[in-house]
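Next, two complexes with chain A in common: one pairs it with chain B, the other with chain C.
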Partner chain A sequence: MDELRKRAKELLESKTISVVIGYEEGTCNRTRALFVEKPEEASKLIFDSRCVLNLATYITKQEVKAKGKMAIAATIPVMRSIIQLAYEFQVSDKNLLVLGITPESNLMEFKDLLEVETYIHKFEIEINASYREKLDKLAGMTQTERWKFWIDELSPCFKCYACRAACPMCYCHRCTVDFNQPQWIPVPSHELGNLEWHIMRAVHLMGRCIDCDGCANACPLGIPINLLNKRLLEDAKRHFGGYQPVLKGDHLMSTFKPDDKENFIR
Partner chain B sequence: MADFEPKIVAFVCNWCTYAGADLTGTSRIKYATNVRIIRFPCTGRIDYMLLLKAFDEGADGIIVSGCHPNDCHYTSGNFHARRRWIMFRELCDFVGIDINRVLFSWVSAAEGSKWADVVNTTVTRIRELGPYTEYQKVAKHPIREVTNG
Partner chain C sequence: MSKIGVFVCHCGENISATVDCAKVAETAAGYDGVVYSIDYKYMCSDPGQSLIKSAIIEKGLTGVVVASCSPRMHEPTFRKACAEAGLNPYMCEMANLREHCSWVHEKGDATTEKAIDLVRILVEKVKKNHSLNAIKVPVTKTALVIGGGIAGIQASLDIANSGHKVILIERDPSIGGHMSQLSETFPTLDCSQCILTPRMVEVAQHENITLYTYAELESLEGFVGNFKAKIRRKSKSLDEKICTGCGQCTTKCPVKKIPSEFNEGLGKRTAIYVPFPQAVPNKPVIDRVNCTYYIKGKCKVCEIVCPTKAIRFDQEDTIVEAEVGAIVVATGFTVKQPDFFPEYGFGKYPDVITGLQFERLASASGPTLGEIRRPSDGKVPEKIVFIACAGSRDPAKGIPYCSKICCMYIAKHAMLYQHKVHGGKSYVFYMDIRAGGKMYEEFVRRAIEDDGVNYIRGRVSRIYEKNGKLIVKGADTLLGAMPVDIDADMVVLATAGIANEGSEELAQKLHTSYDSYHFFSEAHPKLKPVETNTAGIFLAGACQSPKDIPESVAMASGAAVKVACLFSQDELTREPLIAVVNRQAAPVFSSCVGCFLCVSACPYQAIEKEEIKNRTGEVIKTIAKVNPGLCQGCGTCVAFCRTKSIDIQGYTHEEMYSEVMALLNEY
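Right, the complex of A and B next:
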């Protein structure tokens, strides 16, 4: 990604940008986030297929925001997250420049977020075949089998909240699980609390999750928690025609249609 | 399970279903006594976590009821609630919570007899399904007993 390095260096030298967020080589053949503040450090930036971490997680953090205007190397899922964050007034053109990375790994600089929005709308949010297979398999089970599946899957969870930390949409300063009056989610690592935590997480991300799989990648136990989000994505598609992050307009769960269809209310 | 008496928790809105349930009483319509009614300002105010908490605390069935569409006291609370229930119900189904135990309905302030019918059908249904041991087994846990005092 010479283009990206060159552009990052230029931006930092001209002082239009104070920090460039990208990826660098980490340990154990993994990549990690890099915050470039000096032009000479721009050469550390890399980009390849291992770069799956959703960098949009960092742009809502005070420590990063305080540095000044940010530029971010953004793949399509990251761009989607950025648009959703902009919709929620977490970032704006004033403090963010998007250095887009196309699926062909080319650099694509965007003038403003409006351009980013237009660009990402060319791509549908789609669930890949292996996940679809898993979803179909679960849908084919009986209710008791599904219950057993999830209790088994979630029971080892010790609530490290890595899924929350990896998610760009989980930016609340105080998360509902951190409250103890009332204590909504039991603290101990225990099936009920784990189940409730993951249900709560899925519901809070309903209509906001853009399917980057960051949560499942971050999970130290490899629990497929993103299946919950994927299922809700499917349901949103089935019931309300799906969603795409937008800068302005209606959000899936904060709006309604008088003729929303259901078949279970008496 | 002949002596099983289902515990039903009903989350209802103040303006329609609560008044409707009141009418059931004043009209002297007899209905099952298994229901514990919890009054809310609006169905839009009913948090999905409360439904889960009801199951935690040993409810065998849940009724959620409010104003008919277009009748909301706050204009659109029930429309928002409807959207949330559609999605939440799907999620519950996906994680294996028995959605047959949760009944959603619209009961207006004039529908005293409908309320009696809603409660009676729910009680009959839960009686058939039996106690919700699946959830209660998970909810009952020594650590939790300690933290709850």
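Right, the complex of A and C next:
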């Protein structure tokens, strides 16, 4: 990724960009996010197959935004997140430059978000074979079995909110679960409260989640919470012909159209 | 500390017959914060209301729970009573012990228990209630009337005569609508045009009415009292100011064989045309689809013959922007057209026609100048068959409803036929005769008894041609379903009245609801028949469901009164039960993150962007803002907001939560 380092250095030197967000070598053979503000630090940037953290999570943070115009090393899932965030007015061309990383690990700089949108639309959001198998298994269960599956999976959750912290779409300043006047969703870790929290989160991500698996990767207990999101993505595909983040257009969950098949809504 | 008063109403015996009202009052008296609790026979009566008022004053109540009927019924009554005693009206809540409890359950302890629960949740809610003040919004005192049929004309004249400005738009080149096409009108047989045309002229000459014909609504924004309408004035290819309406162009136009819409295809018109001689305005338009110049690029005969040089071939559509305070939708209806009745050969046999076509044949201004002559060869039919319910009341055809006007106009048609064709024989196939209305039943009897129209109760299965006659195969169900074959010369189908073309699109532009038949929906089938669910938009005439002339006119006047009421004040007072985006202290300002997904969720386009600026004018945060004039308090945005940043005033999260908890917690 010499290209990326070179470009980051140039951008910082020319002062067109204040901070470049990328990956660096972390501890225990893992990678972590790096915020490059000085040109000489650009050499720390790396990119390889271990870099799966969704960096788009950082571009909505006030402390990062406050640094000035951001550039971000973005893989396809990150670019999808960026487009959805732009749709929700959280980032724009004014404060973000996308340094795309193609599936072949080549640098691809985008002039603006419109170009990013066009580029990502070449790739369908697809659920891979191993998850496919898990989803089919879940779908094949009876309601009681499925209920037991989720109770068993979610009971250990102690609400560390790592899933929320890893999710680029969880940028709200106040999460529903933090809303405590009144406290609709119980905070203590118990079966019902855990179930409510995760289902609520999945529903809030419907039509917004771009399936980066960040939440499941972040979970210290390895709870497959992303299965909920994947199932909703499937539903979106079945009922509305799929979902791709767009810069402008209709949001899946809030748009009613005359030709929707649900006649009752008319 | 809250001081709550609970007032349990017996509603005569409506509640007390199954609920132990004294026990409800007694139990409520024991709740935290309840300082006064009483039951009374009629809480809505004057002494009942006095009970509430004096308790507010004497006990210093901070909240009131009236446990009686539905809030739909008496919420305004009790809130007003509270306000008169100095309590904010929104600190008064109603527990619905009648519709939700006593009427639907049998007498017993469980029923009383439920009543106690209903009271308890409201007691807990009232403790969390906040004082609210009515919202004031300014009113633009101009009305927009869409549709220039009899309903639109009546509504426009009534509003204009009450001293307010009216903009009347009509899609066709002339106002008048279906009524101008009719021959005589039931039940008095007075000439339709004779009573209509003076009103049309009055519209054109009224100083308060601006008339735009050949115009359609392009878009609508805004809210009650403050709508912004864009009106598309389709190009007439003519300078109306110069044109004198002399008619030279229409006589000289070489394209003469276009089926006339006004004559329902039974007559012909030219490409530059005035729909009918009494049209208002009486100035022609060029039908660009059929005009030789627009098709082939040459002709311009009309331009050559025009003595005032008023023809403008390059004229373009113009958009007029208008600010209006209220809207009356009077877009009318249409009738089912060919292809819908293959079994009756409609469209295949020229002598099978619709009721509206018969009107044109019977009309003195029609293609036959009022003589009943059949379209195929112009012969006077000696036997004529009328078929009622062609499409209507036929779930298999997708029109389960009754079109309402057909029974009466068929009687009229048969009568007119008998008056005009002496010795002719007329038959009517019907399912039921629905003649509800003043002098209506008498009118039908007159057709049967005095004019000798043969009424046959039964359906027609098929019509086919044989030896130049139309064989109508039916059955007489009053004679044991005996088959009846009639060799008719002409058949008239009373085809179903259906929603007008484009009504669905118009409803969407107006953001009002419509039913599964695409008729506009009224706000309440009984108590709000002319209102729509969108404040400031009213309905008149057959756009809501098929209607006859008296009904359309009555509805139009009703809508006009609603508009006049709206315009009678300079400011509108609205209930403050609307959505509000929270605001907090800096540096948060609001928990809203400005994702604006609520914008598309809002069915009323009530959500806007609000920029929060610092003292130097720099935008710090952009958040959602609910326009209080537009918001209807439906709560969709509340459910949609991930951060729970929106509350409905009077139904806040806290208030709802306390209700739920009151129900779940053991007392």
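Convention: the second predicted complex is superposed on the first by the 260 of 266 C-alpha atoms of A that agree within 3 Å, B and C clash if a C-alpha of one lies under 4 Å from a C-alpha of the other, contacts with A are read in each partner's own complex, and residues count from 1 in each chain.
Keep in mind that, in the parts below, a contact is a pair of C-beta atoms (placed from the backbone, for glycine too) under 8 Å apart; a residue touches a chain by one contact, two chains touch by 3 or more.
All figures in this text were calculated on a predicted structure; none of them were measured in a lab.
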item	value
First (chain B), second (chain C), both or neither touched by A:Glu196	first
Partner chain in contact with A:Phe149 - chain B first, chain C second, else both or neither	first
Touching partner for A:Ala236 - first (chain B), second (chain C), both, neither	first
Which superposed partner A:Glu88 touches (first chain B, second chain C, both, neither)	second
Partner chain(s) touched by A:His251 [first = chain B, second = chain C, both, neither]	second
Contacts of A:Cys28 with chain B and chain C, given as first, second, both or neither	neither
Chain A: partner with more touched residues, chain B or chain C	B
Touching partner for A:Pro188 - first (chain B), second (chain C), both, neither	first
First, second, both or neither for A:Tyr171, with chain B first and chain C second	second
Partner chain in contact with A:Leu138 - chain B first, chain C second, else both or neither	first
Doubly contacted chain A residues - partners chain C and chain B	184, 253-256, 258, 266
In the complex, chain A residues that touch chain B	138-139, 143-151, 183-184, 186-188, 190-193, 195-196, 198-200, 202-203, 206, 228, 231-232, 235-236, 239-240, 253-258, 260, 262, 264-266
Footprint of chain C on chain A - complex, ascending	88-90, 171-176, 179, 181-182, 184, 204, 250-251, 253-256, 258, 263, 266
Chain A-facing residues of chain C, complex	504, 508, 513-514, 516, 588, 591, 593-598, 600-601, 603, 622, 640, 642-645, 653-654, 657-658, 661
Contact footprint of chain A on chain B as seen in their complex	48-49, 52-53, 56, 69-70, 76, 79-80, 82-99, 103-106, 118, 134, 138-139, 141, 143-144, 147
